[in-house]
Amino acid sequence: MKLKLSALMALFLPIFAFAEDKLDTGDTAWMMMSTALVLLMTPAGLALFYGGMTRSKNVLNTYAMVMGAFVLAIVVWIVAGYSIAFGTNESASLQSFFGGFGNVMLDGITWKDLSGSYPTYVFVAFQGTFAAITVAIASGSVIGRMKFSTWMVIVALWGLVVYAPITHMVWGGDGALLFDAGALDFAGGTVVHMNGGLAGLVLAILVGKRAGYPKQAMKPYSILLTAAGAALLWFGWYGFNAGSAFGANAVAGVALLTTTIATAAAGLTWMIIEWFVFKKPTLLGIASGIVAGLVAITPAAGFVSVGGAFIVGIGGSVIGFFGVVTLKKMFKYDDSLDAFGIHFLAGLWGALMTGVLALNDQDLLWDGPLKESGDRMGQFMVQLQSVGVVALWTLVGTVVVYYIASAVTGGARVDAETEEIGLDETLHGEKVTNL
Amino acid sequence: MKLKLSALMALFLPIFAFAEDKLDTGDTAWMMMSTALVLLMTPAGLALFYGGMTRSKNVLNTYAMVMGAFVLAIVVWIVAGYSIAFGTNESASLQSFFGGFGNVMLDGITWKDLSGSYPTYVFVAFQGTFAAITVAIASGSVIGRMKFSTWMVIVALWGLVVYAPITHMVWGGDGALLFDAGALDFAGGTVVHMNGGLAGLVLAILVGKRAGYPKQAMKPYSILLTAAGAALLWFGWYGFNAGSAFGANAVAGVALLTTTIATAAAGLTWMIIEWFVFKKPTLLGIASGIVAGLVAITPAAGFVSVGGAFIVGIGGSVIGFFGVVTLKKMFKYDDSLDAFGIHFLAGLWGALMTGVLALNDQDLLWDGPLKESGDRMGQFMVQLQSVGVVALWTLVGTVVVYYIASAVTGGARVDAETEEIGLDETLHGEKVTNL
Amino acid sequence: MKLKLSALMALFLPIFAFAEDKLDTGDTAWMMMSTALVLLMTPAGLALFYGGMTRSKNVLNTYAMVMGAFVLAIVVWIVAGYSIAFGTNESASLQSFFGGFGNVMLDGITWKDLSGSYPTYVFVAFQGTFAAITVAIASGSVIGRMKFSTWMVIVALWGLVVYAPITHMVWGGDGALLFDAGALDFAGGTVVHMNGGLAGLVLAILVGKRAGYPKQAMKPYSILLTAAGAALLWFGWYGFNAGSAFGANAVAGVALLTTTIATAAAGLTWMIIEWFVFKKPTLLGIASGIVAGLVAITPAAGFVSVGGAFIVGIGGSVIGFFGVVTLKKMFKYDDSLDAFGIHFLAGLWGALMTGVLALNDQDLLWDGPLKESGDRMGQFMVQLQSVGVVALWTLVGTVVVYYIASAVTGGARVDAETEEIGLDETLHGEKVTNL
Amino acid sequence: MKKIEAVIKPFKLEDVKDALVEAGIEGMTVSEVKGYGRQQGHSELYRGAEYVVEFIPKIKIEIVVSSDEYVDIAIKAIQENAKTGKIGDGKIFVSDISKVIRIRTDEEDAEAL
Amino acid sequence: MKKIEAVIKPFKLEDVKDALVEAGIEGMTVSEVKGYGRQQGHSELYRGAEYVVEFIPKIKIEIVVSSDEYVDIAIKAIQENAKTGKIGDGKIFVSDISKVIRIRTDEEDAEAL
Amino acid sequence: MKKIEAVIKPFKLEDVKDALVEAGIEGMTVSEVKGYGRQQGHSELYRGAEYVVEFIPKIKIEIVVSSDEYVDIAIKAIQENAKTGKIGDGKIFVSDISKVIRIRTDEEDAEAL
C-alpha cells in the first residue's frame, strides 16, 4: 500500500508543494480527521443503525455487540492484526497471504515514521478503524440469540484469521496476492463490506434462526435512531472513502463527490422502489438505501465518473432491496439486520462495477490490467478473482472461527428462555428505557 | 464566486505558501471536512431537531421529509442545480439570474479542476449540501399535514426554480444581480435561511393549519432529541460558516470565532428571556436560541468583530423569540416548527446587521459600497435590496412550485382521517417506538 | 503556551515547509476541526452521556445543566476567562496564578494574529471549548437536586475563579506556576478532568444527597443514549487530544494513536472486570470504561509509547471502576453520575503515570526535569506537585463559589416536593417523552 | 355505587372529559389500552416484512359514581362525545362497587367521591 | 353479563388471542401491567448498583361476555394457551357486569357484544 | 372473593407493596394510569405555547383476596402507606369477584390466591 501510495503521489508532484518523505500538514490533518470520522461510524453510526432495528428486548445487547466488538477489535489490531495485514513477510509464498509478525505491538514503527506524507501512527489508527467496523458489521446477522461471550471470542479470532489476511491480500503491497493481480478496491468493498456481510450470513446460518422467525412480528425499537445512525454513517463515510486517498488531494475530491452522489441516488432509489412495490415509502427504506449506496460506492469511489457514481449507487440500492426483500425470503435464512443483504451484495456489486466503470485515466487508476494495457475485460476478471478469493477465505475462515468460539464458550447460542425474555435483561442486566 | 474567491486569496498571498491554481492540501482538507460537516446538519442535525419537536404520531414522517428532501435535493443539484447556480450564462441579462445549463450533470468539469486552491469537485459537493439543507428547513413549517408525494415534487422543483437562481444572484460571480451590487452574505443568511424560512411560511399558509391548531395541545415527542439535533447543527455549522472562507485561512478563523460567540450568546439570551417572561427556562428554549444565533451570524460570520458577534447573536435570539412567541400568535399562521420564525427572521436580522456591523477592513470585506468607498449607508441599502429581491423571488417561486406540485399529486394535503391517525402510520406504515 | 509551542515547532522545522509566524493551512485546518470536535463533546456527547444515566424525571434538567453551562461558560470565557488564563500579567507574583485583564473581550487580539502557525482566534475558540466542558463535567455529580439558577451562577463564577487560574498555572507560559515547574499535562488531565471531577464531588457533598439515595432505585432513562454519548465523546476527543499538539504534526499522530489504544483497552477492561465481579458485562460498563480511558490518556497522550498507552488506559479503567463501585459506597457521598469517580480519579492516574511513562525523547517532551536532565523521579515529583496544587485550588475555589451562588439564589437546593416530582416538570415545564 | 368503564378512541378523550366535568363528574382514572374487535388494524412495513397490527390503541376511562342517576349522566356524556359513527367507537361497561375510600381523608362511599 | 380478566405472560398474548377468536369471542381489551407474586423478578445493574426488579411485565386481558357459557369457553381458551407450567403464568378473575353499551350504535347488553 | 382497586401516587408504590407483603398479601397487579380529580395538574411550555396537563400520573393497584378479613388488612395497609395528607392521594374501590383461577395449576378460588 505504501508503495502504491508513493506511486500515486508521484503523479501529483507538480501539484503538491512537498517532496516525498516529508510530512504534509494538510494531508496529516485530513488523515487524522478521516480516522476520527471512521471511528465514529462504529460505536455511534452502526450501533444506532443496528440498535434501532432490533426488538426492544435486545437493543442494548445489539449495541454492546457493536461497541464491544469495536474496542476488542482495536486492541487485537494493535497487538497483531496490523502486523499480519501490513507487515512484510520474508517468505514470498507467505507474503501472498500474511504480512507476518514483524510489527506485533507496532514493534519497529516509530512516531517519526511517515506513510507517504503523514505519520505511520495515523495510518495504523486509520486502518484499525476499518478492521473494527468490519467485524461489527457481521454482528447484524446474529443479534438476538448469540451468547455475548461467544461473540467476543469470534471478534478476537476473526480479526486475526479472516480480516487481517484479506486486507493483506488486497492492500498489502508488493507480493500480496490480489494486490499483485491488480485488483481495484478503493476503500474496502471487498475487504470490509463483502467480508463483513458474508461473515454475518455464515454466522447466521451456523447459529440458526431467532425463535419465531419469520412468523412472529419482530418490530424495530426505533426507526428514528436507525435513521440517525445512517446519517452518522454517511458523515463518517467521507473519512472512509475520501480518507482512502491517503491525503487531501484531487483523488480525495473524486471520492468525496462520488460518495455524495451515489448515496443520495441510492437513498432515493430505495424509497421509490418501496413506493412502487409496497405503496408506501418508509424512513427505514430511505436509510437502508443510503447505506446500500455508501457500501456500493466504496470500492469505486476514487475511480469512477459522475455518471458512474449514479450507476453504482442506484444499482447498489436495487440489489440491496432484492437481497433484503426477495433473497432472504427465498432462502429463509435469518440475516436479522441484513448485513449480508446490504453489505455483501452491494459491496459485490460495487467491486464488479469498479471493473466496468473505472475511468481509464492513468492518474486515477491503480496498477492492473486496465491501467497497464487498457484491458477492461482483464480488469473485470481480476475483480471477479478478487471477490472470489475474498468470499472463499471469509467463508472458510468464519466457519473455523465459529466452531472454535462455540467450543470455547460451551455453545454459541443462548437457551430458549433467555432468548424469550430478551438478551438485555438476561445477559447484561439492563433495560433499554426506564420511563 | 470563483472570481471573488481569487480576489480574496490574492490578499493572503504573502501569508500562504502557494501560488494560485495550485492545490493546497490544507485548504482541501478543510473544504472536504466542511462538506462532511454541512452534510451532517441535514439528515442528522435538522432531522433530529425537527423530529424531536413533532407529535409522536408524525415523527418519522418529519424525519423522512428532511432525509428524503436531502437525498432528492442532492440529486437535483448534480443534475442541474449546480449549473443554474454556478454556471455562466452567455446572455448578460440572463446571467443576472441564471447560470444556464452548461454544467448539467457537471458536464465540463473534470476532477483535476481547481476552485482556487482545492478541487472544484469538492466545491460542487460543498454547495450541494447548502442546496439540500435549504429546502429541508422549509419542511418544518408544514409537517403533520402535507402529502409526502407533494413534498417530494416541491423539493425537486424548488431546487431548480427558487434555490439555484437565488444562489446565482448572490454568489454567482460577475454579472449576477446581487453579486454585482455588492451584497454581503458570508455563508447564506439570505440564500439559505431567509429563503428556506420564507418558503416554509408560504407553504404553511397555502396548505393550511394542522387540524386543531392552535387549540389542541401538540406536544413534542422528545425535546432531548431536539437538543441533540441542535448540538449537531452547531457542530456542522463550523463547516457552513468557516467553510465559506473557502480555505483554512485567517478569514475562516474569524468565522469560527464569531460563530462560537454569537451562538453561545444567543442560547443564553433565549434562556434568560424565557426565564423572565414565563418564569421557566426550557431546554427547548436553549436549543432554539442556539439555532437562532447560528442563523443570525451566518451572513455576518467572516465580516464582524467580537463585539459584533455578540450583537448579532443576542439580537438574533430576541427576534427569533419574538417571531415564535408573538408574531405567530398575532397572525395565527401555523408555522409548525418555526422555520419562518427562526430561520427567516434571524436570517433577515443577520443580513441587515452585516451591513451595519461589517468591519471596514479591506482584507475582510467583499466588493461593495463599504469596501469601495467606505459607504456604510450604501452598503446597508444593498443589503436591503438583497433581502428584498430574495424575499420576492422566494415568495413568487414557492407559490408557483406549490400549485404545480399540488396539481401533480392531486392535492397537497392528506385527508382529515389520515391527519388524525398520524402520518407515520398512514403514509409510511411505521411507528416511532415499539416498546 | 505559545512559547512552548514555538519551541516544539522548531524541532520540526526541517520537516515542515513553513517558517515560523506564517499561517500553515494544514495546521489551521486541523485546529479548526479540533475546535469543532471538542465543541461537539459537550452539548451532544456529555449531555447524552449524562442525560441517559439520569432518572426520566430529571433528564431534561440534566441536559439543560450541561447545555446551559456550555453556552454560559463560552460567554464568560470570551469576556474574561481567556484573559485570566492566557493573558500575561505584569506583576511576576501575580503571573504565577493569573494572566490579568489585558485581553478582556479579546481586547488586543486581531484576526491576523497567529498562535504559531494558525490564527489566535482559533486558539481562543479551541481553548474556550475546554473551559466549557470542564464545568459541565462537574454537573454530573449534582443532578436531580440543585436549583438551575444556582447552577448557572456557579458556572459563571467558577469559570473565572477556578478554571481560568488553573489553566494559567499549567499552560499559561513563562512565569506561570506549574508551567515553570515543568508539569506535563498534554491535553488537560489536571486542568480539565481532575478539576471538573473534584469540583463535582465538592458540590455533591455541599448540596447533599438526592432524597432516597442510595436506598431507592434510581434507574437510568436510556443507557443507549449514554452509549451514543460516549461514542460522540470518543470522536470529539481526537480534537481534544490530537488538537492539543497545536498542529497537524507527528506529535498529533502520537496523541491520536495513544488515544485510540488507551480508550479501546479501557473499554474492554471495564467490561471484563464487570464480567468477573458481577457475572454480567453491561453496555453502561463498556461506555464507562471508554470514558475512563479517554480521561486517563488525556494528560499523557503526546508523551507515551504504545505500551504506555495500554498501561494508562487499562489502569484508568481499573481505578475508575474502583471509584464508582467501591469508593462511592465506602464513603457514601452521592456523586450521582460519577464525575469524581471517573474524571478525577482517572485524570489523577493519567497525570501521575505521565511522569512515570513519558518517553525520554527530546523531540516529544516539554520542558521539565525529565527533559532537562533525564530526572524521572524529579518529573514525578513535579507531577505530584501539580495534582496537589490543582486539587487544592479546585477544592477551595469551588467551596467559595458554591456559597456565593447559594446565597445569591436563596439556597442551592430545590425543595423536597420539587425533587420528588422531578426537575423537568417543576423547573423547566417540560417532559422527556410524549408518546 | 357503580363503576363505569368506557373504552373509547384516544382522540375523543378530551371531549369526553370536558363533558363529564360539565355534567358534574369531577373524578376519573384513565389508562392506555389496546383493543381488539371489528375495527381493522393497520399494517407496518419493515424492509419488506409486513406486520399486521391487530390491536388498536384505545383509552379506557374508569369512573366510580354514587348513584344510578350519575350512571345515566355519565353514560350520556360518553355516548355523545365519543361517537364518530365509525366502527371502533368502543363500549361502556357498568358494574357494582361495594365500597369506596378516599385515602387522604378516610371518608367512605358517597362522601369519598 | 360477565367480565373475565386474565393476567398472563406477555409472549402468550398472540396465542390466547387466536384461541379466543377461534372460539367465537371477537372482542377484547388488553393492557400492559406489572405483576407481583411468587415469580422471582430479575436484577438490573448500573455501575455496580444492583436493583431488584420485583414487578414483572404482564399482559391483562379483559373480555366481557353475555353468558356463562361464553365464560367457560373463554376460560378454557386462556387456560390452555397461557399455560407454560412455570411459576408466573398468571390468574383469571371473573366478575359481574350489569350493563353494556356499544357507543357507535347505542345497542345495549348482549347485542352490544 | 373481593377485588380491591387502589389509585395512588406513584412514589408511594414501594411502601404500599412492602406493607401489603408484610400483611401477608403476596400477589398484586399494578398499572400506570392517569388521574383526573381535584388535584391540580401542571403546565408544560413549548416555545411559548403553554399546555395544561390535567391528567396526573398515578398507579393503580389491583388485589384480589379471598375474605373480607383480608379486604380490611389490605385497605389498612394501603391507607397507611399511601397517605401524604395532600390532595391527590387517591381512592380505594372494592368490588366482588365470582371466580378465580390460577392458570399454572388450574386451582380455583381461594386456593388460587
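Think of it as A, B, C, D, E and F in the order they're written, each chain with its own count starting at 1.
The rule we apply is simple: contacts are C-beta pairs under 8 Å (C-beta built on N, C-alpha and C of every residue); 3 or more make two chains touch, one makes a residue touch a chain.
Owing to the predicted nature of the structure, the values given are computational and were not obtained by experimental measurement.
The chains in contact with chain A as well as with chain E are C, D.
Here the repeat of A-E among B-F, B-D or C-E is B-D, since over half of its contact pairs match by residue number. In whole angstrom, the spacing between the mean C-alpha positions of chain A and chain B is 33.
Centroids of chain E and chain F (each the mean of its C-alpha atoms) stand 18 Å apart.
Taking each chain's centre as the mean of its C-alpha atoms, chain C lies 53 Å from chain D. Residue positions 31, 44-46, 50, 95-96 of chain F are each in touch with at least two other chains. Of all residues in chain C, those that touch two or more other chains are 17, 24-27, 29-30, 33, 219-220, 223, 248, 278, 280, 282, 284, 428-431, 433.
Pairwise chain contacts present here: A-B, A-C, A-D, A-E, B-C, B-D, B-F, C-E, C-F, D-E, D-F, E-F [touch as defined].
Listing the residues of chain C that touch chain B in their complex gives 17-18, 22-30, 32-33, 35-36, 39-40, 43-44, 47-48, 51, 59-60, 63-64, 67-68, 70-72, 74-75, 78, 105-106, 111-112, 118-122, 124-125, 128, 148, 225, 248, 427-435.
Against chain E, in their complex, chain D makes its touches with residues 2, 6-8, 31-38, 54-55, 58, 60, 75, 78-79, 82-96.
Contact residues on chain D toward chain F in their complex (touch as defined above): 3, 17, 21, 26-31, 64, 95-104, 106, 112. Note for the complex: chain F touches chain C at residues 11, 14, 42-46, 50. On chain B, the positions that touch chain C within their shared complex are 12, 15-17, 24-27, 29-30, 33, 37, 55-56, 219-224, 227-228, 230-232, 234-235, 238-239, 242, 247-254, 256-257, 260-261, 263-265, 267-268, 271, 278, 280-284, 286-287, 289-290, 306-307, 363-364, 433.
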